[in-house]
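Since the structure comes first, as structure tokens, the remarks are kept for the end.
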């Protein structure tokens, strides 16, 4: 189970498709192996990057079960269960927890535009899922349109012990992270804070007390090493390594388009058979692909000089 | 099949639940019978008012098949198939058309924020569904966040002959309706225009050339008679009748809350066993219910004086 | 000064222009006289309906001074001072309070997307304006994009005694109104609640405890009588009168377009020399004007039968 | 005058205030001298970063005149004149063009949510300003909420010869930039394209055909050299230099907070007497300031190694 001291890199996993758009479970296996080999501490599936809303109910379940089986308990797996109705959320949660998931991730519905609606919603969710399901709350206003104040988040954490993790991706959000880090442990119990936003501010966020990252950058080895160096006290070394990758991080962190870039990189790295994104979705032009090649080449040169 | 001259009232049907939140197919039967008795010309299911996003894929299909069977071809049934992925849309469309639906309704995805994205999306949708499926395009910016210009809509209609109907609920939208009415028949072929927005402007919209209404007002008999009087040339009589109901129309047309009001009225009228709305969703307070009773009583008194 | 028991109709005044777009102070005089003759209890100028953002700083001040002089203390005048910067707000407030205004109206800036930002902003505003300036807080999410919870509003009221009035126009907002009515007087001191949204729910809102209306419906006499009947205990009579006007209320309550309709009605009623709205702004087509004539004629017939 | 071949770095200038919030014209002089010394090709004032909406009409004019006098024609100066009313736009444009400005910048109003409204608005603007005023159109959806398609922009450019420059800051926007670069010169006449978004993609944008940058990064010397190397054909050298600054570029490109960071950097560099931002506005915490110091120190070390 995920818990209040979970740390490291929980990689946000893509959902692999064949060129024709069918679930590609062979690539899913390779992807699991790749992520584990890179040293991730956990995995998150069926998130926004996982194209969850484009799967049928059956496909979601098939994919989740397949991943859970391949991971086989080696690292915790968090499953995204967000959606417009609680009935579906309860059903999917029951199924994946039964199949070995270590927790679920819940993002707020777009209509939660006041503090009281936000508190009410997470009370409903926690009540519906039951107290034994550990929850990671996703704070991602750029995509959900829902803005939480620090105080509202702390109230929610204090009210619901089962929320043990925060996926932090408000932006600009550095002060928010510092304030939540400081306050939890006092008011609401220590909480695991993993950062998102494609890791664009990973060194700053680690310096401000994050426990790691939960995002899908296609070079997980960078994130793993940055977090590890940090935990080992090598703050400058962590940031040096990060900065070498920053041009690529910045390139992947293009809202919407980022998914296509990641799948292309994972395809080039031999992980995914196809970079296919389900329609309607973004696609890379030839120019984009050449630009990506240029950035990759520059990254490799920089890494060579680095080591 | 719905077609370019479809007219009358296509009632937006609720999805009935029991108090515990399960699909209530007995109430669904009563609801179909009620709507038909009130004289509707068609029915639309699994729309936004039908709580479609809160159903599982299986429930959607079960409900659609049940309604189609009960209607048994007496009036055309349109099925809402909007969603974030084309694969799911194609699958659901195939199933309901195979079960006897007369067309599907498609609302734009929230991300379609330019004219070109809008055109591109409907090209993708039409291509994916195939040319034999008649489509009703839903123009409802208050809920989707997508704003179409008249010109963009006309381009879309001209490009895709299978789009035969417009659910018009932009607001303020009277001028838009007039312009589309005028332009179709010339540039893009005549199109059936049914108005939504809880019928708040039904007389004005009929006067501007609408072919009827597609909305879920809980007194469908009013809409049926207003449209009928209109088509019979009794413009003033139509508006007189409408105005008698206007306090109630205005009351139901409360975005979000309206669904709970409608289900409560249909429950009071003996159609639905329960006014249950699936969580998370709006609920009426005791004060709301008393207010509704007051409005109902006033409506009945007015209708008594009317006849 | 406005205060916690202010009631009746505070009419939202238009800003009259000549056909060429210049400030029309003659029409402004006629408008003041007209509103007073209709029996309003107060006046609000330079609100959103007053096209305030399209005036220069000088024009705003000229117009406010002219109105204040013409009103000459017969009823309280509230001046809208909302804007993106506190310096400008302080300056304008000082000038109009010095010229005889009875209070200012402040709407939240669009960026206030959390409870804490909302509280922080009104603390800044109250501090900047000083404790002697009575404030009417405008809660109008459809236009500002800012959503307040009841609890946040009550916290703000409790913290700042100078906020003595709420312009209530959240929608759907009937439950919000009931809850604020109930809570103020206990937690935060009684507050004057005047409703907006073109008065579309005026009878319901009076029944739930509103003190009157603050909106710009072009037939202020209706609102004055509805509020008066209510305060006299004639709840049904108030609602009967309102319902007669409802088709017109509904027509004017078209977001954005409503301003053009109101100016046209005030022009037809002999109040404004010109229905001019400054560019860029809405304009009525010939069809709209004919529709308005039809609605006006129907209203007059109904009123004749009514009396 | 700005023209279709304008290139280089048009720095977006801050509006300096004293600690008490008054216009600080001494700092303004130093800022002009600093920017010129750094080699900028132009200057843009009263933009969003310039806190224009927080100035009075008089302050805007005073500041603009002061800057224009100090620049004294050495580089072109563009003045932001966006706002909710055309009358104010015409007035301000007349005044600054008369005082020596080289063009104005116009961003769309937030309500322009369809292609036709966008075209209509720029037709109104061009007509109101007259054909002799060169215009830079600002495409910045993250702040304005207005999304232009490539096709709509090209239609606008083709219709109005006086729009000679595009401030490109849609995001993700690389493909948009490529398509506009390709199409102008054919369909709509060559257009100067300067990129914004804090220069986060400056090398990629130069490689795709941008003519330079129009943004306010507090190290203008980087942008000047990147653009110069590019124009000299040293594509890799340009990107190497950029990448050294990227951690800082990324840090400044925090929407909203970025302004406070920039003013702090300009203050530390001896340009501004005070980092004051007018209320309500962002402020840096002690932790933010220490973080900024760390980033600055790292930047200096990297630059030392670089040369």
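Details
We just call them A, B, C and D in the order they show up, numbering each chain from 1.
Heads up, the rule we're going with is that a contact is a pair of C-beta atoms (placed from the backbone, for glycine too) under 8 Å apart; a residue touches a chain by one contact, two chains touch by 3 or more.
These are the chains along with the protein names UniProt gives them: A, B, C, D = L-2-keto-3-deoxyarabonate dehydratase.
Note that the structure is predicted; figures quoted are calculated from it, not measured.
Of all the chains, the one whose CA centre sits at the greatest distance from that of subunit D is B. Residues touching across the subunit A-subunit B interface largely coincide between the two copies, over half of the numbers being common to both. Between subunit B and subunit C the centroid-to-centroid distance comes to 34 Å (mean Cα coordinates, whole Å). Separating the CA-averaged centres of subunit C and subunit D is a span of 38 Å. In subunit C, 256 are the positions where the chain touches two or more neighbouring chains simultaneously.
Against subunit B, the residues of subunit A that register as touching in their complex are 21, 51, 53-58, 83-88, 91, 109, 111, 121, 124, 128, 256, 278-280. Touching subunit D in their complex are the following residues of subunit A: 171-172, 174-175, 178, 200-201, 204, 207-208, 239, 243, 246-247, 250-251, 254-257, 285, 287-288, 291, 298.
Subunit C contributes residues 113-117, 141, 147-152 to its touches with subunit A in the complex.
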